[in-house]
Amino acid sequence: MSSEKIDVRYVAKLARIALTDDEVERFGAQLGDLLEHVQLLGELDVAAVPATAQVVESRNVQRADVVRPTLDRETVLAQAPQRQGAFFRVPRIIAEAE
Amino acid sequence: MSATVSSTAAAIADAVNTKARSARDVTDAMLAHVDAVDDRVGAYLTRLHDLARAQADAVDARIAAGEKLPLAGVPLAVKDNMCLTGTRTTCGSKILENWVAPYTNTAVARMLEAGAIPIGKANLDEFAMGSSCENSALGVTRNPYDLDCVPGGSSGGSAAAVAANEAAIGLGSDTGGSIREPAAFCNLVGFKPTYGRISRYGLIAFASSLDQIGPFARTVEDAALAYDVMAGHDPMDSTSIDRAVESTADHLRTDLHGLKVGLVREFDTAGLGGEIDAVYKKAYADLEALGAEIVEVGLPSAKYGLATYYLIAPAECSSNLARFDGVRYGLRVDANDVGAMYEATRAAGFGPEVKRRILIGTYALSSGYYDAYYVRAQKARTLIAQDFVKAFASCDLIACPAASSAAFPFDSKSDPYSMYLMDYYTIPMSLAGLPAISVPCGWVKASSGSEPMPMGLQLTSPIFSERLLLGAAHAYERATNHAALRGPSVGAPA
Amino acid sequence: MTQYEAVIGIECHVELKTESKMFCGCPNAFGGEPNTQVCPVCLALPGALPVANEVAIAHMIRAGLAFDAEIPAFSKFDRKNYFYPDMPKDYQISQFDMPLTQGGVVKYWLEDGTMKECRLTRIHLEEDTGKSSHAGSGDGRIAGSTHSLVDFNRAGVPLMECVSEPDIRSAKEAVGYLEALKRTFVQLGVSDVKMEEGSLRCDANVSIRPVGQAEYGTKAEIKNMNSFRSVERAIESEIARQIGIVESGGRVIQETRGWDEVHGTTHSMRSKEQAHDYRYFPDPDLVPMEVSRDLVERIRSGMPEVPWKRFERYRAEYRINALQATQLLDDGPLAAYFDAAVAASGNPQQSLNFVLGDLSRLANESGTAVGDSKVTPALLAELIGLLETKTINSKIAKEVIDRTWQSGESPKAIVEREGLAQTSDSGAIEKFVDDVLAANPKVVEEYRGGKTGVAGFLVGQVMKASQGKANPAMVQELLKKKLG
């Protein structure tokens, strides 16, 4: 674990948050600061330690394949930021999804 | 007159169940008190007058029909990250500022089913990220014991509501200390159960493997009553534990004979200053006076708690908050294409602390860094949990501070990391999934103002030992009664 | 001139057949009114949480076992994080490094009956996205659109992702592979596999290399194929395109290409500049799955014989040809009927003839499936018995089966009552033959003049005269003798 400089713009892109230049600088410094503190974890010998998947172990939580009531469509669409008839409407998509 | 605004939940439920007072009466009085007081406290983002009255009438009808309800007529503050059908549920964020929930959180539903009356949706640090409630984008909440000080966070609104007698029980959520720390700051009992004990369905997620709902109350008994109502398996939450719940309100202890209380070497309070050190030394002595055997235990990995938490929690939240994208609900800032719409919406809708955590979380999960950060943190988490297991081999409970100071003034922790340090004592229990409670344990000179400010003693115990924990906390509270020293500066009953 | 071979891998997404969605109780049904099959969970409302569908998991295990895949003891769900309007959570619950099945082999056959194998990398379980339609461009494509409309009915439907190794070597093999997947999944009841309804979607990774070269060539990913036929055409087109590039000295670019059904070509889909960073991590809202060996055995013992095993058995035991075997296999109930008929009659060849011949014809005409008809396997066996003992001939058999289909009456009873037993009395047959020869001197002359084909006409006349009852073999023999 080295102390690298975070590419804040790249991370913000992944997270789909537009940042001002000011924010890029400010967050860059604050996150760098946090990462400095987090370096502490580098001390630990964790080679033989399993990662905690869950704090309280449980397995195989499943539900029966049964239909349950759906939400009423008007309830669903009433709070849509933009709707067109029975659909949610979004601005054009530029790139193909994976 | 029985059941005033400052009455305990137990007293109110008793009065309503025995028809000494109607739920409607209690509610009307409470709503009037809220209207008189909350403009100064700012506990509630939304006051639920109509819903409260309707609920109260429904409770009265059930009582009239012969039912007895565990929380009949008990006024309830609900942290605004919990969905309640028909109410604005904002998470203290612009991105959900006007979103009305179409379904109800399971724990809240159980409280209402038990007769509780929802008085309002309480303020919080945005998306539960913070330790002072200053990160709310929608309102300011002040500590009723000193209006120039923060109530703590992230469940600051629920804590302030109960402290100012604007509710008898407050529901909060605790991820790294967000119930325990505000409880300590506001002279209350604040309780976080074992992870998975109370359903998270309908709790707007911050960090999925850490979030737990719990009660604020003026007494341990009230907190126990609320826990007994809410706890238990929920098929709508895969992480909800399917295991019988041991009731707690009927198993409160009066002493600690036969119990061993561990004091954590690494949590020595000498470094917190003479006054605070004295408060805790006294608290530990009081535990001993109640019959507990005091032993020293070690939690050598506790010092890694902050680093561990501030990788895991942001990582999970970066994914949990992706759904706030302007497509199906909430704020949308329009743009020419959907990608630009996402970026503009989330830039405008999220406050700086939320952005910081999403960024660090995204980074910790990203390609090339996942093993070094996220996985390593999950392994450190295992070590911390193992430390507690080892410690509990030689004690039944662990006692330590809930916070390193009393409530601090607004704007006094501008550096994010100094704010993160407020979680130092509470984070390890969250990482290990342990039940933990904060109980008033003394007073210190305020940083501003002239009146003394409260401090909280944190007790924690092994997973699923809520009965032991609440029982012991009750014994301590009963013997010391620190909360009674003074009432709030705002909200004391007329 | 360099010979090239194509190297093809197929990635399929198959919607599982369940009553409800993968992580919530909304109905899993095609064709509903938009946005009516949604709830807080599949719409990703704040605070909603997923709970896994137990039948979807059982289907996965079944599918894996059908292809001899390994079913690991431990499996989990991971979040695949990316933003897209039809993904409500902006992450997809999927499986990353511990899928429900690993490895496996899909055995399939070509039209001529050649058996082929394609190894599976894995099959994992995930949830489907909603559906977006793009408006404003005039042709429904994203390029040139002004906005998109999203329907979340499909969001959260359980999805199997089957990834194959690049073992496929031709477009025809690719289709054979897909047909094997479809046949198996339909028979197991784990999916309807209807490409036209979107319950099967597939992409093909295609590359070429000179025959004999071990190194793989650069591959292109082909998307947007809507039927098995378009898969075949698209792959053929792509192979030709790549060969063309390489032969003219160029290099194939690694990219995603969409199949254009109308123009019969693939076109480059401007792929993203940077590769996706999905930031996979175990989903903390779900708990891991421990798949016990008990459960696996229970599921295995409840499974029918897988199609390729049946195919091989039919061909080996009954010596039926590939086309016939395939016909049977594509109709599960028909294959079951066939098996029962063979068991009852002990005569696979005759059983097959009737099942694929007269019985299928009657089924088509009447709209009743063979298995639902009055001709039970026992009654068919009876009829076959009559043929074996030469009590009746095949012409009569046709009549009898028609009647049994209508009435359910025993063939033996019909033959007896109506005196349909064939004549094998050489004396009687000889008389018929003599009569026919006498009545057709011209034809006899033609035959003796070298037109041996006309013998068929004469046989027909004898059968007619005997009302179909003459033993045809004897007729032929006698005719030949008399004609010289």
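To keep things simple, chains are lettered A, B and C as they appear, and every chain counts its residues starting from 1.
Here, contacts are C-beta pairs under 8 Å (C-beta built on N, C-alpha and C of every residue); 3 or more make two chains touch, one makes a residue touch a chain.
Here the structure is a predicted model, which means the values were calculated and not measured.
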| item | value |
| --- | --- |
| Comparison of A-B and B-C by number of C-beta pairs in contact, larger one | A-B |
| Chain whose Cα mean lies nearest the overall Cα mean | A |
| Chain whose Cα centroid lies at the greatest distance from that of subunit C | B |
| Rounded Å distance, subunit A centre to subunit C centre (Cα mean) | 41 |
| Averaged-CA centre spacing for the pair subunit B and subunit A, given as whole angstrom | 24 |
| Inter-centroid spacing, subunit C versus subunit B (mean Cα positions, whole Å) | 58 |
| Subunit A, residues touching no fewer than two other chains | 14, 16, 53-54, 58, 61, 63, 71, 76, 88, 90-95 |
| Contacts with 2+ other chains: residues of subunit B | 99, 102, 209, 235, 238-239, 322, 325, 327-329, 338-339, 342, 362, 366 |
| In subunit C, residues with contacts to at least two other chains | 40, 43, 51-52, 83, 85, 148, 150, 152, 277, 279, 284, 286-287 |
| Contact set on subunit A toward subunit C in their complex | 14, 16, 53-54, 58-71, 73, 76-77, 84, 86-98 |
| Of subunit C, residues touching subunit A in the complex | 18-20, 24-27, 33-40, 43, 51-57, 76, 82-86, 129, 132-134, 136, 142, 145-152, 256, 269-272, 276-277, 279, 282, 284, 286-290 |
| Subunit B residues touching subunit C - in the complex, by the definition given at the top | 81-83, 89, 91, 96, 99, 101-103, 105, 200-205, 207-209, 235-239, 315-316, 319, 322-325, 327-329, 338-339, 342, 362, 365-367, 370, 374 |
| Residue ranges of subunit A touching subunit B (in the complex, touch as defined) | 1, 6, 8, 11-12, 14-19, 23, 27, 30-31, 33-35, 37-42, 44, 46, 49-56, 58, 61, 63, 71, 75-76, 79-82, 88, 90-95 |
| Subunit C residues within the subunit B interface of the complex | 40, 43-52, 79, 81, 83, 85, 88-91, 148, 150, 152, 277, 279-281, 284-287 |
